[in-house]
Amino acid sequence: MKTKSICVVGNSHISALKGGWDLIKDEHPQQQVTFFGGLKKSLMNLDNIDGKLGLHNAEDAEFFKKISGTDDFLNPDQYDVFLLTGMGLYPNAIINNYWNYATPSTKNSVSAEYFISDEAYADMFWQEVSEGMMLHVARIIRKVTKKNIYISWQPFLSEQLFQIPWRAKLFEPILINDDYVFIHHNMQIISQKLKDEGFDVLMQPAESIFKKIMTKKCYSTGSMLLRPEFNQEHKELDVFHMNAEYGRLCWQMWDLR
Amino acid sequence: MKTKSICVVGNSHISALKGGWDLIKDEHPQQQVTFFGGLKKSLMNLDNIDGKLGLHNAEDAEFFKKISGTDDFLNPDQYDVFLLTGMGLYPNAIINNYWNYATPSTKNSVSAEYFISDEAYADMFWQEVSEGMMLHVARIIRKVTKKNIYISWQPFLSEQLFQIPWRAKLFEPILINDDYVFIHHNMQIISQKLKDEGFDVLMQPAESIFKKIMTKKCYSTGSMLLRPEFNQEHKELDVFHMNAEYGRLCWQMWDLR
Amino acid sequence: MSRSPYENLCKNAFWRSGVSTKDPFSIEGLYRRKFKILRKDRIATAGSCFAQHIARHLKERKFNVLQYEAAPRGMSADVAAKYSFGVYSCRYANIYTTAQLYQLAREAFGDFSPAEPVWEKDGRYYDAQRPSVEPYGYASAKDVMTARKKHLEKVKAMLLDMDVFVFTFGLTEAWIHTESETVYPTAPGTIAGSYDPEIYSFKNYSYNEVLKSFNKFLRYIRRARNHRLRVITTVSPVPLTATASSLHVLSASSYSKSVLRAVCGSLEGQHSRLDYYPSYELITAGFTKGIFFETNLRSVTSQGVANAMRIFLSEHDPQGNENPKSAPPNFPENTTQGAMLEDDIQCEEILLEAFNK
Amino acid sequence: MSRSPYENLCKNAFWRSGVSTKDPFSIEGLYRRKFKILRKDRIATAGSCFAQHIARHLKERKFNVLQYEAAPRGMSADVAAKYSFGVYSCRYANIYTTAQLYQLAREAFGDFSPAEPVWEKDGRYYDAQRPSVEPYGYASAKDVMTARKKHLEKVKAMLLDMDVFVFTFGLTEAWIHTESETVYPTAPGTIAGSYDPEIYSFKNYSYNEVLKSFNKFLRYIRRARNHRLRVITTVSPVPLTATASSLHVLSASSYSKSVLRAVCGSLEGQHSRLDYYPSYELITAGFTKGIFFETNLRSVTSQGVANAMRIFLSEHDPQGNENPKSAPPNFPENTTQGAMLEDDIQCEEILLEAFNK
């Protein structure tokens, strides 16, 4: 990391990057990282407000300013690079449907009730992404700056998902059929589209991945809620959020220029 | 005839009445007869013009005034009774169609091509009469006076019609089938309708009738044209117009009150 | 091998270029004649009310429209219309169903005698097969039969002589003599007669019945004729005045007209010398937005008729005079010619409206 | 004995009181249901484009419209529509002809295999029986057949399970594999395939063919089913996009729709458990003055659909909520429910317009 000033934007997932940065920031005195975040779907409304990026809703605006420590909206001129995290960029549509919708590329056509085209999956996934929060935020930032914007995939769910029966039911057939390739391929299609649109794409660090499509338990245990005042871990079976170790790993692996 | 002042109105057929009146007027010094007339269909336009009855068309108006000897339009106040003559009140529609259109009342249903109802004939005849010149004139006069208005049937065609082949063809089947009753019956229907409308109806004097549906030759020979300046007879085979003898007969037979 | 069979079709095969971008007055190529009609061709007309328009327009263009039962000389247009003279080539009045047409032909040639041929009303007697032609009926049943005999002679002559037969399909709903299946043009009790459910019954002719009757009619007269017949069929765009089908009259109309239109489509495909003239769709199609109907949403406007006939005549008489001099309104010389006034169409069926209370 | 059989008819039997004095929004009694549909009844829908409206409105009223091939979870309405999910009870896309319906049933039960089941285009392979459901096709014919096999299992289940079958008759014109008479929903070369006149031919199904196919379909599935079926038929009011009949498209449309309407009238008379819902006449009849068509004079406006459905639902769901809350436009939770947008009807047939040059 050679960049001077990094702006991280995201939803609850910035918590991991924030925790990770806290662990390593002393080693990188030349770097400054500012975190802007919104809870739930609030960043869906991120907007250009008098040259700065912020939120119209008073409560959301307050949180957005407060969490950044700047007590202000995001002033794009102040940062050298932007890193976007979480915000639903995750192959939800693919993983959720795999068990019952086979395609020519999958190996589950005998067990699945339906057989549809790979294009239907790809269209569904891209439609979700292109109308989703991540791309909304990325595009809003792109409108005000030509600086690099890094889009990071939201981490795969924690391997602990197997403790949740209905989630296990979605993942088991993918593992049984060794069809992680189908997931990765669809993610690659999206990554390429994001690159085509002028964004840089960051994949989940390989060290953190379990059985190709999950995140190792050690990176999810003890993930923290975003609200700083709570200083509190997510509920035990939260399989979405990662901990500070995961954040540290990301800062180490990702090469932000 | 006890009436003082008679007004005769008609088309070319007034000629016979005028000739007849000339023959007998000395015997009736207490009577005065004035003749108003129009050529062809001009009386179809008889109208109330400033309280007098006359014609708008200059030429027709001139003729109408001139023939009457009053040099004026017809002033209804000056007459005690009105006698209308000619003007197409004739069973043309019946006689012309009989040969080819039988009805339940006729005896020609074998020879005729068509068989229609008596009502169709009656409707046809009445439509012709009600839209014809005679009734137009009668109604115009009725509008301006409550005095008696006599409508006289136009005389049957002269028996000389048998010298005209196509006319003979129309009359022969009536005679052969002895179907004069059919003609008379239809005339009676019309007469009744005219009476219902408040007019008096004068039939052709029986003495002048030949074989029920024609006029004796002696009453047609030497009929005069209406235009007084010509003082001229109709062409030899005119079978429509009657002579002064016919007029005299009418004056003798008709009881105008 | 072409990519799609629709690639080389003409503009009129596509709704957008054939219809959407046209208006009902500029639509082109809707009708392409299958055969010529010459002015000397003997044309006979029959069918439901709407056929009267076709006859009138053809007469105005001096086509040789046959008239076997002309009005008496000197009969005014009004009276002629009242007695159904000059409406069709014979005085059969409207023939609403193909069953009736076929039945009439058989009767004319002596192969059929209708049941209950005479209907009574208020002491007067009517021809059950054409009760409207004599609005006051006759004094006796015998008179009715005498008139019918004369009429049938004319119908027979017409069927033998005609070169072109123009027939407008009008209805599928009819009333029949149940036992003999004799069909009538009106319900008993409408103009004359009286409805006895033991004797008469309602009949809604199906597609196959309509089609078969017309084909039987064609085959039947062909046997007696010695020259070829050309046929022009149309479907009346006029909806039902009333329905006895138990359906809503809108739905009943839609069904009836659909059956007739479908039959005409089938006939057109079956016979090389039978043409279908699409006045029905030109007047009723949604794209006309109802402009060709009067405010009763039923009668066709004279403009609608004129537009339909314009397209017909543009194929059969392209050089014809579009505005022939019309006869003066008074003193009609030839009442047969003048008998049909533009808006004076004879429809017995409308008499049903009298029962709407 | 009554004087005329029309004397005691109700107001809706007369055009004047049933139609002329009404407007299309106030017309009453046009439709009287033959049987009830309960909310728990399993309703399956199929047919031409217009059937999609019926399915959508029934779903909005919370009727139990079957869905055997739902869209994947999380698929947006747009994408679901693009891939023909949620349009009908199975993902067969539009079934325009009764021949195709009968064929599909036989195929689902293993009694029929279509000829030329896979059509190629630009190196991709399409299901010739529903080429539109996968707009990019598959990489191989084998994939197409795998998808079809899964599809047919669902169709079979639907045909066995359904209590009520709603079918909209769409077209009479179709393209067939000449030798085997396999019928396709689109012409070869429209979406995929290529037109080879040696292999394929045009077919304009006649009244009898349309009628027979539907009756055969009913008899065929009855053998396999163990409970009674109620059927609701409608006729699509949408005219043809293009015709291959060589007629003008207006006339071709008129013929096609007439055949279908006539068939429905016949079916309604034949089967006590088959009802005809007259949305066709309500939308197309002259008395509507075309207000229910978009400016292309072809598509039906949402108002027209709403009015037609109002009359349908007033019989089947008189207490129903007229304005059910609609799902928010973004983040569809259940895309199957939200898949059909009001004006977003799937019509492969409209693709023919691309050949209008």
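Just so it is clear, A, B, C and D label the chains in written order, and each chain counts residues from 1 on its own.
As a convention for this text, contacts are C-beta pairs under 8 Å (C-beta built on N, C-alpha and C of every residue); 3 or more make two chains touch, one makes a residue touch a chain.
The shown structure was predicted, so the numbers you read here are calculated from the model rather than taken from an experiment.
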Under the document's definition of touching, what chains do subunit A and subunit B have as common neighbours? none
Taking mean CA positions as centres, which chain lies farthest from subunit A? B
What's the distance between the Cα centroids of subunit C and subunit D, rounded to whole Å? 35
Using mean C-alpha positions as chain centres, tell me how far subunit B is from subunit C in Å, no decimals. 44
Distance in whole angstrom between the CA centres of subunit A and subunit C is 76
Touching two or more other chains - residues of subunit B: none
Make each chain a node and each touching pair an edge, then name the shape: line, ring, star, complete, other. line
Between which chains does touch occur? A-D, B-C, C-D
Subunit C-touching residues of subunit B, taken from the complex the two chains share: 92-93, 96-97, 100-101, 104, 109, 112-117, 119-121, 123-124, 127-128, 131
Name, in rising order, each residue of subunit C that touches subunit B in their complex. 69, 72-76, 78-79, 82-83, 134-140, 143, 146-147, 149-151, 330
Which bits of subunit C are touching subunit D when the two form their complex? 1-7, 9, 11-20, 27, 29-31, 175, 187-190, 194-197, 200, 202, 206-208, 237, 239-244, 246, 248-255, 257-262, 265-266, 276, 278, 280-293, 295-298, 352-353, 355-357
